[in-house]
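For reference, chains read A, B and C in written order, and residue numbers begin at 1 within each chain.
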């Protein structure tokens, strides 16, 4: 009994021991896609401001929206902008508005595993829509072969892989397909979670990657960073100007550059299928969700300070981690918008 | 299970006209009250949980009513929800898991309790207990890296070639599917069966075994025909635990089941389970009907567990002979 | 006659060998898992792992010190909450209750056991997080404790009931009150089985991720006291394993290894500490 008591007090003491000084803890929740860059930013910022701790947890865009609406976290993050209904729900529940701040740019790429094919395959919008609708079922279908002259494609059934968990990646992918295929738009539409006509569901980017890697004749979609970091082959996509573009930092930034001109005041914009010769068509912003009214003065100043830093110095950390920088015009507009946080 | 000594219940030094307070002073009444409170709290918590699930799934109940149970469509965009594919997947994967884990688990527990030298038994038990501590995420990852390729390269050909005419073994395999999920679940629930069954077997009084052996039975006969039936309710209890775990497992299943809300007869086909779809879509679910439909699925699982438990108990009562231990 | 006996002997040997095979298969699964963890994460289990806070991707030298402490705090608090309820409730079922009440409680426990861990998390969220508007270690411990109750309760009842009549009758004959009999004779006789069950329950909740996502949340920093979000090993494993970075993957495997090590230590400690002075003949 005595020993047990000693053990107990030792553990309790350990718990109390970490009761150090009193830094300000700011909690945020949301998208998984930007987690690597956010963790980098918050770490760097903490080193510059030792008394401020930003604790970000990648629980998913939907969860992030819900948590910030419930008031259990101080800010949210999402790959797909909040809908009007969600904005209204926030207003009703919390009594003020919520603001969107784009942070980085990312892209979603088609990955595949076709035995014998080592080059980068070209995909037209029609091909992608047809494959994911279940209309195009074989790899050597003319819709695919037509864009890949000289590549020998097998007459095998395509195994489609999609995301099973609700995700911003799916939102971006389906948003694109809606823009390029009326049939997709009426049958499936766009969301973080849809009723897929065909295919297996993999959990998370790594689930899709795992399935595609292990299943011959498979095709799936993952975030660009994921494909790059894991050396997975991915294809090019034909953009609205007619060129086949491979996703990389330059082509993603090009997609956003066009958007800067018509950027709405609340920054909620979709840049899939953007205009521009070098633009990669399946690109997207990702946003931080900041309440317009923050009661705690300390938290408010910390958040505003972070946003300022993020839009200026912070952007220099993007590219080493394979995230594209925000276009200058967009960043400048956002800097002005910070004053809306009160 | 019936108490072993009904005549002793409540027997104290004296009976008769004793006031509540004098009984209280002796501590028995306090003990009874205290332990009752805790036992009751379990029921209260469960009721509260059901209440929360009920209240938070009112929208789909209003919209779909009973058709929620039999609809096969799950479309978050069109806001159409049905539970059938998930119920099917939950039942199939749990059945496969138990079919694999129960014989293995009981066999192993017999070995550990009856045959292995105590030291070896204890050490092996330590390790098997560790299996229960492996996070489900890791089971999922190992499922993807080990079981899925194994399924595609070894298990599927071995079953499909000779037995492919049977509906449960028909069709192509992508590695993921009902059978893969069942196998992963079986590994996850085995520690519960082994751990609890072994302890129950160990607690069977020595004289039972010795009596059987003295009457000329072989080692196996004394074990299987005397010791195991004596420990029957404990072993069944461990199977209940295993079943509950299999029904509710989220992370590992979602990584290896294929996450396709379709009903297929083949064990190699991809499917979906209730816990898996909740885990996948809950964090991203936007829109009240969607969210509540997921919670509604949680309620359906509750109902499923309720029915399965009831059926199992009925089975025990029916197959138990008169005079021996009765479950409940 | 001889042939029949030979057959029965053969069956006996065969079946007993089969049980050995079952045991071996079960243990092989574990060693495979351990081997995989050690192979993939062994190199990441270093001093930094135990002492440093997590670092952003690409930076070496990070660790999971806060997650290890967080898991320990969560498990401790969860046990303080779940074990007494399960244990004392089990005593009530085995010693005091009538059979209808017992059935109801048992059924409830089995139902509670079957609730998906994510639903438990959602339940705890609406009960303990929403009203206070923040995540906390307490909320996480509440969710985990709930999950420990059913196993503890059922097993306590089971093993108390298995205590031989003689022990009870002996104590009664000596004039002990019911409670004294329970506490000094019956519980010690059944302690082994009960302890096994509690450790099993602890092992199970130690690896749970889903309930913590909505209760304890997660924390890149140290978590003070019991009212703040806290990092935990399972959540870190989950976050790292689904990332695209090889370094984080290795850390996830390492964390899995450390988690198992933690449970092993708790097992060993619990069994040695609590076995002193209590000797019960086996069988």
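The rule is simple: a residue touches a chain if its C-beta (ideal position, glycine included) is under 8 Å from a C-beta of that chain, and two chains touch if they have at least 3 such contacts.
This is a predicted model, so every value here is computed, not measured.
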item: Chain labels contacting chain A and also chain B; value: C
item: Interface with the most contact pairs, given as the two chains involved; value: B-C
item: Approximate Å spacing (C-alpha centroids) for the pair chain A, chain C; value: 36
item: Separation of chain B from chain C, taking each centre as the mean of its C-alpha atoms, in whole Å; value: 16
item: Touching two or more other chains - residues of chain A; value: 59, 63
item: Shared interface positions of chain B, touching two or more other chains; value: 145, 279, 282-283
item: Multi-chain contact residues (two or more partners), chain C; value: 213, 241
item: Residues of chain C touching chain B in the complex; value: 8-9, 11-13, 15-16, 18-23, 25-27, 29-34, 36-37, 84-86, 88-97, 99, 101-120, 122-123, 126-127, 146, 149-151, 153-155, 158-159, 161-162, 164-165, 168-169, 172, 175, 177-180, 182, 190, 192-193, 196-197, 199-200, 203-204, 206-210, 213, 233-234, 237-238, 241, 253, 256, 259-260, 263-264, 267-268, 282-283
item: Residues on chain A engaged by chain C in the complex (per definition of touch); value: 3-4, 7-8, 11, 14-16, 18-20, 23, 25, 27, 29, 32, 35-36, 39-40, 42-44, 46, 53, 55-59, 63, 70-73, 204-206, 223, 225-226, 229-230, 320-321
item: Interface residues, chain B side, partner chain A - complex; value: 73-78, 80, 140, 144-145, 148-149, 152, 174-176, 254-255, 258-260, 270, 272, 276, 279-287, 290
item: Chain A residues touching chain B - in the complex, by the definition given at the top; value: 59-63, 65-66, 83, 85-86, 159, 164-167, 188-195, 199-203, 207, 210-211, 214-215
item: Of chain C, residues touching chain A in the complex; value: 54-58, 69, 72-73, 76, 129-130, 133-135, 213, 217-226, 228-229, 239, 241-246, 269, 273-274
